[in-house]
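Okay, so chain A shows up in both of these, paired with chain B first and chain C after.
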Partner chain A sequence: MARSRQEVLRILEEWGKRVLDQIEQGQEPVLEIPSRTLSNTIWDPVRRLLVLGPDKMKRRFLDLKESRKFMQTMLMLKLIVEAIRENVYPTIRDLYYNGKHTIMYVDPKGRTFKENTWDDQQESNAVIEDIEVATGLLREEMGLSADVKGKVVGPIIVKSRGFEIDATRLGDAALSLPPNPDELEIVKVEAEYVLVVEKDAIFQRLNREGYWKQENCILVTAKGMPDRATRRFVRRLSEEYKLPVYVLTDADPYGWYIYSVYRSGSIKLSYESDRLATPDAKFIGVTASDIIDYKISDEYVIAATDRDIKRAQELIRYPWFQSDAWRKEIQLFLKMKKKVEIEALSTHGLKFLHDYLKDKIHNKKWIE
Partner chain B sequence: MARSRQEVLRILEEWGKRVLDQIEQGQEPVLEIPSRTLSNTIWDPVRRLLVLGPDKMKRRFLDLKESRKFMQTMLMLKLIVEAIRENVYPTIRDLYYNGKHTIMYVDPKGRTFKENTWDDQQESNAVIEDIEVATGLLREEMGLSADVKGKVVGPIIVKSRGFEIDATRLGDAALSLPPNPDELEIVKVEAEYVLVVEKDAIFQRLNREGYWKQENCILVTAKGMPDRATRRFVRRLSEEYKLPVYVLTDADPYGWYIYSVYRSGSIKLSYESDRLATPDAKFIGVTASDIIDYKISDEYVIAATDRDIKRAQELIRYPWFQSDAWRKEIQLFLKMKKKVEIEALSTHGLKFLHDYLKDKIHNKKWIE
Partner chain C sequence: MVSFSVKYEELSPAEWFRRNKELAGLTNPTRALYQTIREFVENSLDATESYGILPSVKVRVAYHDKSRGWLSVYVEDNGIGIPDQEIPNVFGKVFYSSKYRVRQHRGVFGLGAKMVILYAQSTTNKPVIVRSAPLGSDKIFEYVLMIDTLKNKPVILSRKEYENRYRWHGTAVKVVIEGEWGRARRRIEEYLRRTYMVAPYAEIYFEGPDLVLYFPRATTKLPPPPKEGYPHPKSVDVELIKHLILQNPNITLREFLMEYFDGVGRQTAEMFLKWAKLDGSKRVGDLTEDEITYLTTKMREFDGWRRPRADWLSPVGEDILVEGVKKVLEPEFVAAITRKPSSYGGHPFIVEAAIAWGGKIPPSDRPIVYRFANKVPLLYDEGSDVIKKVVDEIDWSVYKVKFPAPLAVVVHVCSTKIPYVSAGKEAIADVIEIEEEIRLAVREVARRLRQYLTKKEKEEEVYIRYATFNMYATEVASALAFITGKSVDEIKKKLSELIIKKVGPELASRLEKETAKIAIKETTRR
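Our next item is the complex of A and B:
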């Protein structure tokens, strides 16, 4: 169940209070923060997730190399706590601007120095990530706003701020997810599965053509690379409702990587995979072998670029693409040097996409 | 009122039937299509719109230079008519793939020739645009699917396929517009105005912070450059409900151009401005002079790039930026060479954005 805004506030206040306690006890203030370095990013084969390893770093106030970061962390904590108390929902960019100012000080010899609290947003974002890993709270739970990419339709009823929304009653429109999907109460789910579609326009087609009604499934899209909120929402459907999750993307390394981000997490956000990834997500297509199996002739196929090839060579080394099925697909791609779009299935007729999806899902023709 | 799918089908069939009539009467089949060339794109100062001029072109079947395009137009018309009859909602890319094939023919001397119906999507898209201008139907009305960018919240009730959606009852979520906003029946509007926000994250903030409730307004975003559907939806609110439309973007030439696309149309889609543009839309900010008026100090301001400068020099020549207010703003930008983001207003506190918006709107501090 989602944490209330009051509970989130309490966790943040307590984290800050530990620093106060250290000071009151005459100790040096030290923050202990899980290390977000690449060397501490680990593939956990059992949980099938990219996760943070056990390394922690200590951020010491009295260490000259650390004191600036220490100050930044405290400043950001203050801004976030204030935002919650004042009931505002800033973006990370708002926090950057709100916290940016110049500190002037005069040293014992009378020399004046100037220092910015932070110079660019990279610095302020980094301390937000530190606060996330240190407190175990997602920024979404802290009430930070961000672009929302996720949309949903199908047999699910959710509740946001007391309002029930029935995603079967939206016609040709869709529900745009809230910035914090943990805030959504899932009232009722009567779906057989979740179909995650890479492309927004395909999502729209399937919605208008009644796909989810025929199949009794939930349709989700995040228009390309998913944002955190969509990943969290899909994860909740998998974890809390045990719904099978199927992913449909173009047949190219970019699409396949999108699938892996839903399933295993991204390297950049490995510290959140634990809550954002859906290790049971299955890939239904489009695969490289679909080009052969579904007889997609050469005139509908696109030549892979050097960049595609390079990307595929990277994918094949990732620990989460080590299954036989995936290695075979990526090797086939590297051999054929061909990619294909979801829409190419329309060469077999404008309704063929439905047949393809049903064939893949009901005949268990997925890979993982 | 929106045209029904049956009515759209009838218009398309009749357009096709004219060709048939020509053939049956022993005449050469000729299509008459308004010309979408730059020289036929005209700024109409009275309607304050970019529109197509009176030039028409004739596409003759028996003209060797034209016959391929003639065939493409007929093929696309067939695909669209079939999609409507079969109740599918293809994307323009689906149509490209569905219609792409190779025609082989043997000439009287026994030589074999091959010709693709179209080679790339540019060709198939172009004939869709031709059919739009020739029939006066938007592709959205023809049931073509596309990515949807637009979201809405606030005091408006719409109906899609019989389902009523009350956009005050979505909590922290939002309504993602349908691909064809003409299909939406607007049941009830009780808003004072429409606020169009460039940035999705700012839209989310304002929604969560209850801005539309305090102000009794409709919030809209299309995350940057608006898609056709969002523009059409905003236009309908302005035209059918006489709601004032205010636009909020970053203070840079890119943001200002986004405003002008909502208001006057884009050069590329000038043939649709008539139905997509909102000539009464007003720009409330962020302006270049806001940097001075709202005391946004240098550390929150971003230096304009050469590209920004070049873009501003283009804007100042567009006929729809010729008001005194806009010329003054763009000249000020070119002089200061500074741009600023909406979020920079947060230097005055995380709640300042609300004060800024209310000041601009209620004290009529807009430009147009």
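Our next item is the complex of A and C:
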């Protein structure tokens, strides 16, 4: 894949040049950007992943609703071009800080208009994603990195910048994934499977309790919603080493959506599902029916909030949640209006988590 | 049978009023000072504008004896004046009034002034000094008077004549009363400010111990003076009928109806007499008490009378009201309406309303309400006033008003008889006909405010679009210049052209005007 940095720069500059051409010809500047909305996210049942649909939105500078985003897109484009020209590799947070400043305008009535170029990182991240889909360049290609939350431990040896790291020899620590895991060379893998857990606390417990040694598996966590690097890394383990991937999350709609992001991709980044999704990933729990099947005691059961219910109602409509098993689970959730966290698996003693995982994995009690 | 012998003590009207001064609002030194100024100023305005004279009123309050809390109050006008021989009775005899006619007045029969003189007498025992010259008089007359409360008669302490070299006309009065300036100060200021709001054709000068106010004449337009007329037959009461019969007991009932009431001709009189089963040829002086009561009741019940005429009313008028509100509130926008005359229980009335927005009006959580009855500002008892009720019931969001808002509502009710809630005369009662007219008037001006706000909102939208695009354009131009290596200024210029084209060329000319205005403001500031 990798395009040269020169090539990337040329594509970005050309994109800017096209905007300038419109202005010089006296036309209203308009950016065409594939829209990253639910309605333009298509479920590809054959490849079992979310892909970006054909819809494009026109971002017009002279449309009051779009003008600010137009300005932000141009500002971000400038920041990225600047970084490449100066051969630096900023994080997306760096770009947020570099670009954040107050712009001002004094109108003819003497009133002052003041605004920040962007108020939070969500705004600046959104335009980076827009630039990615509009130019067809990935942020990794542009040399941008994000805060990577991903951690790995288990029987795997990787090589980064010439240094070999053996993930079995880290004690209670773990291997932090780099921003671009494609630059990580996987030297050796001797695992049976990959277990992805939603929460860092559970990851640490399983690590300390030697779960991966007993099971000869690789443990991964992204501390909640997975970032691109973690997803890419899990995908590589599945694709390149054919390892089965199992996902463990809380039993609530947010946890279940996290599983679907690992497996199928996200609505926001559907243009990247192709390289980030792991279509074979299985969900082992915690499911709504586990609350009954594993007799989780009431003290661990939490009443679902209105937001949870609303989110579940959204999930059940997503095309990638249409398997019988998933429909059954979500309907059960909507009926019980109860949720539990992974920690609820301590209901039968702390060791029970291990028994639960082994039962689920070895007895193939998963859903997809 | 047991019989009681009751000893009646005859009370002269003057004595009665002296004992009941609370009724006139003369309850404490603060209120008394305020009331004194009100009574005199209102008489002055009636003596001028009702006769087509542009009012000039001077008021002076000074300490007469500070240690005893005695203040002198002097009020002078340029009105029609009072004939020499009438002066003692006008100021020294309670219930002195020549005719029993109706028309819109601020005060009623000049009763307030006499109450003030009685109050002065009972607190400082100082006489009133009156100086007056009728129109065209070559003399000015000066009286020093007191009231003999037991006999209800003026006591003339001195009478002087001066040569009227400058053909002055008007009346000047001075009393010394027990009063409290410090506390009355703000009230008096507010009273004068509001009085001027509905009478911007007046020139009012006020001088107090530590306050000088001057309200210059803002317009020379004067509302047409009210005509004087007879009461409407539906508006009568037993006392009035008796009083009228006494004036001319020898006429027949038919003649009586046609002579003394508004809009009663032969035909209407006959219709009424037939309906009420009354004998029209009977001499009114021969009517018994019961017959008088029956007559009164029937007159009030009869539906065949003509509508009361509004000729006796003198509304401020839309133009003058706008002028006054502008002058006092200095708003950004003002609209006013004078409704068509209407009536309740035989009393004609007219409602006027003005709405003022923005400018120097402070934003508040509710509309600021300015209430007026017969051009007199009502300052107290807002809570029980029908005007306040109507204004509060209005859903202002319908008119694009979001509170807190700089909104003032002015309502003026004028009538030959204002239905006050209480003797204090500070609130208008909830009469359904009046309430409805107030509602219609306020809604009408509110609609005009909405039109204004809508227009302004649209202009503002264009402005905001223009400003926003320009603000972003700077950023876009600098980004594109960096990426492409072209000149920032060139790009900015092209973008500015595109913005003007998009936002609308008519804005460009407006913007130029605004820029010019700012330039002027800044020069004047320097």
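Heads up, the rule we're going with is that the second predicted complex is superposed on the first by the 245 of 368 C-alpha atoms of A that agree within 3 Å, B and C clash if a C-alpha of one lies under 4 Å from a C-alpha of the other, contacts with A are read in each partner's own complex, and residues count from 1 in each chain.
One rule holds for everything that comes next: a contact is a pair of C-beta atoms (placed from the backbone, for glycine too) under 8 Å apart; a residue touches a chain by one contact, two chains touch by 3 or more.
Model, not experiment: these values are computed from the prediction.
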First (chain B), second (chain C), both or neither touched by A:115: second
In the superposed arrangement, does A:242 touch chain B (first), chain C (second), both or neither? neither
So in the superposed three-chain picture, is A:82 touching just chain B, just chain C, both, or none of them (first/second/both/neither)? both
If you stack the two complexes on chain A, which partner ends up touching A:208: first (chain B), second (chain C), both, or neither? first
Where does A:172 make contact in the superposed view: on chain B (first), on chain C (second), on both, or on neither? first
As a test of reading the superposition: which chain, chain B or chain C, is in touch with more residues of chain A? B
Using the superposition on chain A described above, determine whether A:64 touches chain B (first), chain C (second), both, or neither. second
In the overlaid three-chain picture, which partner chain does A:105 touch, first (chain B) or second (chain C), both, or neither? second
After lining up the shared chain so the two structures overlap, which partner does A:28 touch, if you call chain B first and chain C second: first, second, both or neither? second
With the touch criterion stated at the top, can you tell me which chain A residues are shared between the chain B interface and the chain C interface? 82
What residues of chain B sit close enough to touch chain A in their complex? 79, 82-83, 86-91, 93-98, 100-102, 116, 143, 145-148, 151, 158-163, 165, 169-180, 183-184, 199-202, 204-205, 208-209, 223, 299-300, 341, 343-347, 349-351
Within their complex, state which residues of chain A touch chain C. 12-13, 16-17, 19-20, 23-24, 26, 28-29, 61-62, 64, 67-68, 70-71, 74-75, 77-78, 81-82, 103-105, 107-111, 113, 115, 117
Enumerate the contact residues on chain C facing chain A in the complex. 463-472, 474-476, 478-480, 482-484, 486, 491, 494-495, 497-499, 502, 511-512, 514-515, 518
